[in-house]
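Next come two complexes, and both contain chain A; in the first it sits with chain B, in the second with chain C.
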Partner chain A sequence: MAIIKAEKTTARPAPLFETSVIGWLHKNLFSSAFNTLLTGFMLYIIYLTVSGVFVWGFADATYVAKNRRECYDNSLTGACWAGVIHWLDNIFYGRYPRDQIWRINFGGLLLVLWMAPLWMSRVKGKVLVGATVVVFYPFIAGYLFSGGDKGLFMQFTIAGAIVAFAINMANMITGQTKNLGLNVFLIQMLGQTKATDNAQRNILLLLTALAFGAAFVWQMGWTVEGITWTKWGGLFLTLVISGIGIASSLPGGIILALGRRSKLTVIRVLCVGFIEVFRSVPLITVLFMATTMFPLFMPEGFVLNKLAQVIIAVILFNACYMAETVRAGLQAIPKGQYEGAHTIGLGYWKMMGLIIMPQALKHMIPNIVGSFIGLLKDTTLVSIIGLFDILGMLRSISKDMPWIGLHKEPLVFGAILFFILCFSMSKYSRHLEVKLSAGERH
Partner chain B sequence: MTDDTNEKPRARARPKEEFNFFQDQRVRSAFYQILTAGIFAWLVWYLISNTAHNLEVRGMNTGFGFVNSSAGFDTDFKLIDYTPGVGTYGRIFVIGVLNTLLVSFFAIILSTILGFFIGVLRLSNNWLVSKVALAYVEIFRNVPLLVQIVFWYIGVFSLLPSVKKTLDLTFGTEMLMLNNRGLYMATPILGNLFWLTPLALVFAIAGVIFLRRRAHKIQDQAGVRPNTFLPSLALLLLFPGTAFLATGMPLSWDMPTLQGFNFVGGTSVPPSFLALLVALSIYHAAQIAEAVRAGILSVNTGQSEAALSIGLKPYRVMSMVVIPQAMPAIVPPMISNWMNTVKNSSLGIAIGYSEVVSLFMQTALNQAGYAVEMVGMTMAFYMFVSLTISFFLNIYNKRVQLVER
Partner chain C sequence: MSNEQTQGKLASAISSEVMIEVNNMNKWYGAFHVLKDIDLTVHKGERIVVCGPSGSGKSTLIRCINALEEHQEGDVIVDGIKLGKNLKNLDHIRTEVGMVFQNFNLFPHMTILENLILGPIWVRKMSKAEAIETAMMYLERVKIPEQADKYPGQMSGGQQQRVAIARSLCMNPKIMLFDEPTSALDPEMIKEVLDVMVELAGTGMTMIVVTHEMGFAKTIADRVIFMDEGDIVEQNKPAEFFENPQHERTKLFLSQIL
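Moving on to the complex of A and B:
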């Protein structure tokens, strides 16, 4: 005997405990007596921390004052942000002449504009964009920051950088508006779409040469005042050192990692030794070695300035860490990829450059960005050997007469600044990882 | 190093029939290796000859003879006897090494305990607890360690009350005194026959191990585990306690006492030590917490579900099923963190803690000027520590792998 219900039973709503806010609270915060206790305890700790920080950093803080005494007159328990605000220019730019600060800002803007196309989906030729940044930007930025007389070599590279930047910007515009690469766009404009490839290339080369000539003539017309590196400082110096470190440690690390996995014994042994030596000692000893021993290594009369010594040390040190990251990425590549590349007849460099490296680097993006973050944080060590990077500047506030003894606030400010920089970098790397591996989730 | 690795033999199929000297893989491989070795040898020779020439021009001394010559400066924190003007540079090096190892040792212990705790909290069911642990990790990971060290030193330990208003951390017994000159601790003075007490403790521990083994056996056979906690506790307390009392309590304390402007007696550590210790522990705890979390997440959820379904209590699931399986994934990053702790302790130089870099590579180098030797010795010390630790790590990894398969 069967009982058949004629009408469909309507679904009961999900229990309140599963869907509502109360349900969430119950599940996540008050699921048991112990959890409730824990939640209460945590709330209390959060209350203590947040209220303490709020009172010290905001409610009782002084933002406008001429010296530390005025801060104390205003409030004894609050932070004295006035000192930090007063020194803000120094924290960011060091002792760079105040009327020349636009050069740093302009250099930074140039970099942002130059790199911007990398994030635009419609722009063509991103590899070239990235390559021109690495090849040309350091020269024009270096000249902008240090200034002085341009030698002939600098004139060429600056003209090249200007042309590369202009091409990049034009390419960005044609890409964004017409979805075309600049080369295709120019050929269309000139009505040469039917010409042979060779003719098209010659036209483009001619145009580039003309642009280069114009840029060369134009750059001869101006120079900027020379500023020695001793005036560089603050966040600017930190970013210069870590920027150069980041840009050079990745290629250096790739070369070392390839050397370490090489079949040639001599090369492998040398690379392993180099990597292991630098990885087993602290950065500060490498920095000391750079400042005390580089002068001895160099031929007599050849003097490297301290900044250059430090940058070389940072590059050597970080290239070794990067090498291990890259090696881990290489190890994750299945053997079939190597064999496949060999089968289609690729040589060693083509196999590495076209097949293996792109995959390895993509796998390791979070770790590579992690190394970059580590490098940025480690750059603060240069303050120990007497460069006035951001930490050096923050610490010298307390030695400035009006703000004497103001230690905590600058350090807290620096910590917040670093936190924002590093945290956003790591969050972005995770986003990038998800974006790049979207197609290959198993 | 960069130019010479650029050219390597292409892995092309070698024609079998004819031997082409320039296309032969072995010939090319040998050629590039000899070339690399040659360039490297030339580089080494070039650097050495430059250095020798520069040292001669500047009239700087060389050789390791300075190790036995006396150093004229003093240090505020030392674990072995040293008198300025009498003690040698070699002794200064040993003092620095010991100070580095001391702060690293305690920082490693503290950061491992704290890191495990935070890592487990990160995976708590309680939303608030896991978010607080996340905030801890993100904050301390993303701020440079040097900034944290300087902050703890200048912002906390230098602002403590002065000697006159010193803080008593033990609420009245005056055995732990904290002020802006450091932490002062009472030191135990061991009397006659005191060695019997530690010996009794060793016996007690052996007894506890025996009890647990037996409990295990009984559990295997009967399925019921006898309670070992209370007997163990009794054994651990009573045995050494009796020995201590029977030998007539041969232990007294060397108390720190205020004399004039400072404390005398007991053991003391300077504020720079405390700041370095706290900063290193907190910073590395954040790193270890991430390693612990990743390790625990690497254990299949089926394992903890199965453990729960056979009736284990949640903390037993953690301690008997999840953590043992997570250990092979946790230990390697954790040990490399320990290595980093030793290396990062060199940042004590920024706050004047007399560890090996600040004492030997900076002060002694400025005084005596044996740049190459001193830099070499300091780096050799760090390399020795790193190699030792990675040696043990490799042994561990091998053992874990054997257990697994």
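Moving on to the complex of A and C:
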């Protein structure tokens, strides 16, 4: 006997209890007498904390004063932000000469402008944009920050950076306004669209070479005064160390992770040993080793400055952590992906670069950004070995005669700065995750 | 599953040229002897269906033919090139031998079109425009050109498998291997994949298909190979294989699945 339902059942809206605000409140906050009591208690605690912070940080706080005594005269219960405000330049730039601070700001602006095309959907050739930042920016920024005489090598790299930056900006403009890559735009302007691929490429190469020549001649004229690294400090120094650390530890980690999975025993053992040694030692030990022991192993007369040693230590340390993160990502890729890549004849590097790594890194974004955040916070350890990074600067406020004993406010200010930096990284990683997984469901 | 296709048998186009030659091949997984003294000659244009109970070594056999697995003894010669440790040879063989997997193995981070043009561009060094043209032609052939910009995860299993077939064909291979191409599919989708394979068989492609679709085997196979516990137990023309199996093991297997 057949049982048949003749009419199709139509979908009905969910019960109000599931979707309304009152329903949510009832379910989550006031579901029973005891839970209602708990909710009230928590609200009271939140009120106490928030109002306490508000009174100390805003209502009773002093913003303008010449020294700590004046702060106290104004209010005993409020924060003395005047000290932090007085030291603001030091917190951001360390002991960098005040009339040269524009160099740091200009360097930062350059980086932001250079990376801006990466966030614009209409701009073509994003891989190239990213590559030029990594290859050229460190040279021009390095010269901007440290200054002094330009050797021939630096002249070449700076001219290269200028050309790369200019091409990037032009490419961004053609991309945004005409939805074309700069190369296509130039070929069209010159009326060479019918030329062969080779001829087109030669024209573009010629233009680039001309631009390079012009940039080289132009940059010969200007120099900036030398400022040794010992004057670097504050947030600037923290960002330099962690920026270089972040930019280098990911590629370093990828290489180490691939080495650890290599079929060649020597490479595998070396990588495993390296990773395990650095991961088993606290960062502060590595930093001390880098600054005190490392020079002992170097040949007589070989002097590397302390900042470079610290940066190398930070890179090696974080590359090892990154290697394990990347390895975990690689292991999550099913064997079928390798086989799929093999069957269309891709060799090892193409398979890794085109198929495996893009997927592994995407899965690993939360962990990678987690490592980056850790790195940024860990760099404050360099204040222990005598570099005046942001933490070093914040702590020296309390040793400055007019502000002697002022600990709380600088550290709270530092905490807020770090929170802004780290939270925006975290938010950005979340955004990347969502963006990259668009259209892809497993 | 009895298919309408079982009615009409495809004309075969076997040439005398040898495509694959396997001589006395043995393979072990650790201590386990998976393939035992395998001898097999496949001619150009020949269509072979391999069947047998699970664990009999069917998949391993075809995986050895495109060197996804290494064999320990004997020779495997594909398109005149002997498989061995030489990595250059391996990559060359793999470009000439297309393979379709049970789980499709499409690249989930790329659109369908990107999946298809990857090999032609990076391995065959084709220009992008040419690769796209080829890819669209094959998508047309597997009847899903309108899906080119979707991601694999947005498609049904049957569609994904057709894309996987198209991806292999884009490399313009001389041989196509199919490793249980319909086993992971819902029953409704099996036919659309088999139809594509039957059409491919009609073009004179050399094919080795591991499958349990007996209707399909009857339609396209020039030869059916039955494997059990690492041995090729019986091989014959499909009509005789199904109607008049010789070996006890074959009889038992056929009685259970038909």
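Here is the rule we go by: the second predicted complex is superposed on the first by the 417 of 442 C-alpha atoms of A that agree within 3 Å, B and C clash if a C-alpha of one lies under 4 Å from a C-alpha of the other, contacts with A are read in each partner's own complex, and residues count from 1 in each chain.
The definition used in the following text is that a contact is a pair of C-beta atoms (placed from the backbone, for glycine too) under 8 Å apart; a residue touches a chain by one contact, two chains touch by 3 or more.
Computed from a prediction, not measured in an experiment: that's the story for all the values here.
In the superposition on chain A, A:Gln337 makes contact with chain C only, while chain B stays out of contact range. Looking at the shared chain after the overlay, A:Phe136 reaches neither chain B nor chain C.
Once the two complexes are laid over each other on the shared chain, residue contacts for A:Gly347 go to chain B and to chain C alike. Once the two complexes are overlaid on the shared chain, A:Ser262 sits against chain B while remaining clear of chain C. Once chain A of one complex is fitted onto chain A of the other, the partner contacts of A:Phe372 are absent, as it touches neither chain B nor chain C. With both structures placed on the common chain, the touch criterion links A:Trp87 to neither chain B nor chain C. Looking at the superposition, the partner that touches the larger set of chain A residues, chain B or chain C, turns out to be B. Look at A:Ile355: by the touch rule set out above, it reaches chain C but stays clear of chain B. In the superposition on chain A, the residues of chain A contacted by chain B and by chain C overlap at 342, 347. Touching chain A in their complex are the following residues of chain C: 66, 68, 87, 91-92, 94-95, 97-99, 101, 103, 105-109, 111, 118-119, 122-123, 150-151, 153-154, 167-168, 171. The touching residues of chain A, counted against chain B in their complex, run 28-29, 31, 35, 38-39, 42-43, 45-46, 252, 255-256, 258-259, 262-267, 270-271, 274, 277, 279-282, 284-285, 288-289, 292-293, 295-300, 342, 347-349, 351, 373, 377-378, 380-381, 383-384, 391, 395, 398, 407-408, 411-412, 414-415, 418-419, 422-423, 426. By the touch criterion stated above, chain B contacts chain A in their complex at residues 1-2, 4-6, 8-12, 29, 32-34, 36-37, 40, 47, 50-51, 53-55, 57, 124-129, 132, 138-139, 141-148, 150-151, 154-155, 339, 343-344, 346-347, 349-350, 357, 361-362, 365, 371-372, 375, 378-379, 382-383, 385-387.
Listed in rising order, the residues of chain A touching chain C in the complex are 336-337, 339-347, 350, 354-355, 358-359, 362, 439-442.
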